[in-house]
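Okay, got some structures for you below.
Next come two complexes, and both contain chain A; in the first it sits with chain B, in the second with chain C.
== the complex of A and B ==
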């Protein structure tokens, strides 16, 4: 991937020398493993089944700045036997980059970039090991298609981490409508019998005949106090940790300039099951730099440690958000 | 370390409040242009679509348009009036250059006999090969070999400080670096702020006593770097092309690096709070930060930033 921001050689060497110094210093005074301030809100898109907005590095006073990503999920019904549907549902992730985030990129370059992001996110999130159990509606008939759409509104570095955080928050927030199977059964009433004898000369040809098929044909949405139930296994959605590697040091949450100065990035995505130890869902090496194979193991265990920290912090925030929104909804209801 | 916070709450919009804020323009004179002190009314911010005045009495200027015989603001900004001309100066905008301005820019493209420079303006600025100092004396004819080795002077991504020389017919800037104060930048880092925050000063080269040099480009790009000692500055006589177009940084000690980072963070905080930047403001802010003895990264925390801005504005009054 081409460097999205160009920096001069002297800026690059300034950043690199400062990283090599003891103790290392970054341009905004952070330590190597410090994140910028992360702002997160869930439930930002009223028409989506789940949504989240995340911003890394924005000053709360300021109108703009930072890496900002909007994520939203939308559920769609698919038919399995005649349509594209897969039994048990499927997930499709799409990442769009706003041209305003990359004003210097041509349209083609932007397409390539968002294709890169889309592939990475889709491959990780649609993995069978993460598949939620409640995306099916009727076995072998209907299922949910979960569309996860991300928009990169602005890029100030560390898009991968932000993308996975936004995706996790939106999927956490997603509510699947509760469905009830509906079965058509033939009326066995005596009044219809004479009509039957006259009309139905050839029984097997009727398309509306449902008497032969025992299982449910369709579903309806019962009234429910909430929008639905949460996605099954929502604790599992992975988080990505990007280690930016320059010679012997690695650091987290690079700004665009630091990304341009670091020759190699290692992105690792982890899922954190509550019962067992974290599992690696994906590893990507990005950039022209090289990495000794022996170092990979230590880097991965480091990334896992950072991922666990990130996971714990995000978990608290997501529960806070749930509480805040329930509280708000209750207040609004009380005011009525 | 990672912490999550919430987005700042949007100001609560009550439907009735909104209606009150836009008074129905029957007299068409919401903005009181008659009283002569523009101090109070001039500081009021417009919002896009806000009716300013009647178009029969006033002329529309930049940042406004006319609809239904009313002058309406098209941007958020401050109202300016020159006699009967009403214009709105936007608070978030691209850099509007004037001849003689000092700007900091980044090379985006190398073209025949010219460089394209990103100067935060609407179009890329142009730096002609004929408007830079070339090795071998200031008064020298440009030869073909200079054109062939343009990348040895400036290449893509390089930062430079220059002066606005003229405008092209399409509004693009023409820059020049024909002074020994101008040229390629090294030994530091760039901070970007909205251009309106840079005040016009006597000198835009500021030296802070902490060993940090600042170049406040009027386009909102600020170069924060290690102090260049006056004796080390390339003299008019000994124009050293090696030094001027060098890509290598000097050795910078950790204290200077820390000071550069601290000053950068101060600028970021002040810009986030929309405080106009001058040399005195920056000096006061730096002294305040040193007194507090806080860590560099703590500056970016909202409470400390708030305290800094409060302290600075208290000193201003």
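== the complex of A and C ==
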């Protein structure tokens, strides 16, 4: 990856020696395992099926700075037999980096960077183990294509964690329209009286005959009080924890300067099923450098612990947002 | 699909309940964002555009720099979720390039580029939501972002679309109206009353054009008032912060901030 922020040798050694000091020090006064303030809002794009905006490390006085990412999902209907649809639906993730986030990068470097992010995110989120069950519409006929688009509006370090948080929030917010299968049956020419489409009683077939399962050709959208139902298994969407590693210390949520001074990082994505223990969905070792095998295991278990904390905090916020946008909005509407 | 929508009913109301010359709700947010030198977010009804300005700075490639003035570069990014139907437009998309070129051509004569030789001013436009009037919203947001970045302009640039329904002209079209009506986009300088950009993609009777230009110019003056109000509010906040500053702390050199604010003040006049 191209050097996104360039720092001088002395700046670099300043950050590095401060990290090695006892107790370790960071530029903004945080401890090693402290996160910057995370701001999150869902439902920011009215034309999307689900959306979220996240900002990590916004400067409270000026209101500028911080890593800012916009995520939105959009559902499309696909045909399975003739189109590129897959039975049971599919997920496609795309990450776009705004040139405003990387004003110094050339267009080619920007394309490479967003391709990098896209691959990582797509590989993790489109894995079969996370696939939501309600993305199919008609078996072998129609299915939903879930497009998840992320836009990196500004980068102040720790893009991976922010990306996964934004993706999780947007997917959590996604509502899948409820569909109902519709079937048209032609009248039998032999029968004298008109046969109702549901009451198809033929003499030759018994009611227990299940060999001819009616296969619906089309679907419609029933009138429903809400935009739809939430994605199945939405608590499963993974979160990423990036540990930045410098000699014997590792730290969380690096700013871009710290990323430049300590380029080796380990990104691990965890899913937290409610019934079983957390599962690792991805591990990436990024940047130049090497790591002892034994250390990797301790780092992974550390990352899992941080991931659990992040998950709990995000969960509270997401439920809060859900409440704000649904219950409170409905109450306000009722009281008008 | 849209032909069934009544553009202007007998009572003189449009499909979204506005009158003929009524503009949509405008909201302006000039709070700083990311590492940009100036940024602005403007909404015209449901159309939402965010602009970040960087510069004047050293040109990204030396070949692009001009020895006696600054170059202006514009990049437009349309969010794939900004429309009803998801559509990903790449950077090379003709429509995107055309939009960027129109914005650049509008601002090149307005920005006092000769003050910054051999440098570059980059304008990044993000279209977050589309509901008609994409180009005017982008131009208005760019004006505001350039002002917040402290880049000297000769005047505000305000833009508006004007459409014609049989013989009556309508202002600030939504996407429904844009699809059905011939319309032209006019960018004007409210102080001098000059016009910097007129574009039209459909056909319009020659007799209607003068009226359209006049009305769009009037709308530009209204927009100018709104934009000026927003910029003044921001400048006032900065001035207040400056008065507060010595009491809080003298450390962390306030000189840079002072310089910025002075530039703001000059521009408002």
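By our rule, the second predicted complex is superposed on the first by the 299 of 336 C-alpha atoms of A that agree within 3 Å, B and C clash if a C-alpha of one lies under 4 Å from a C-alpha of the other, contacts with A are read in each partner's own complex, and residues count from 1 in each chain.
Please note the rule applied: a contact is a pair of C-beta atoms (placed from the backbone, for glycine too) under 8 Å apart; a residue touches a chain by one contact, two chains touch by 3 or more.
All of these numbers come straight from a predicted model, not from anything done at the bench.
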Superposition on chain A - do chain B and chain C clash or fit:
clash
Which partner does A:25 reach: the first (chain B), the second (chain C), both, or neither?
first
Report the partner of chain A that touches more of its residues: chain B or chain C.
B
Should A:310 be classified as contacting the first partner (chain B), the second (chain C), both, or neither?
first
Using the superposition on chain A described above, determine whether A:51 touches chain B (first), chain C (second), both, or neither.
second
Touch test for A:13: chain B only (first), chain C only (second), both, or neither?
first
Of the partners chain B and chain C, which touch A:147 in the superposed model: first, second, both, neither?
second
Considering only the touch criterion stated at the top, classify A:98 as touching first (chain B), second (chain C), both, or neither.
second
Given the touch rule stated above, what does A:291 touch, chain B (first), chain C (second), both, or neither?
neither
Just checking: does A:38 make contact with chain B only, chain C only, both, or neither of them? Give me first, second, both or neither.
first
Output check: A:77 vs chain B and chain C. Expected answer is one of first, second, both, neither. What do you get?
neither
Stretch in clash, chain C with chain B, out of 20-28, 74-82, 200-208 or 254-262:
254-262
Enumerate the residues of chain A that count as touching chain B in its complex and touching chain C in the other.
62-65, 104
Residues of chain B touching chain A in their complex?
1-8, 92, 106, 108, 156-159, 184-190, 247-249, 252, 254, 257-258, 261-262, 264-265, 268-269, 271-274, 295-297, 299-302, 305
Chain A-facing residues of chain C, complex:
31-36, 46, 52, 54, 57, 60-61, 75, 77, 79-84, 86, 88, 91, 122, 124, 126, 128-129
Using the touch rule from the top, collect the residues of chain A that touch chain B in their complex.
6-11, 13-15, 17-18, 21, 25-31, 33-41, 53, 55, 59-65, 104, 253, 257, 309-310, 313-314, 316-317, 321, 324
Residue numbers of chain A touching chain C in their complex, please.
45-48, 51, 62-66, 68, 70, 72-74, 76, 94, 96, 98-101, 103-104, 106-107, 147, 149, 151, 153-154, 156
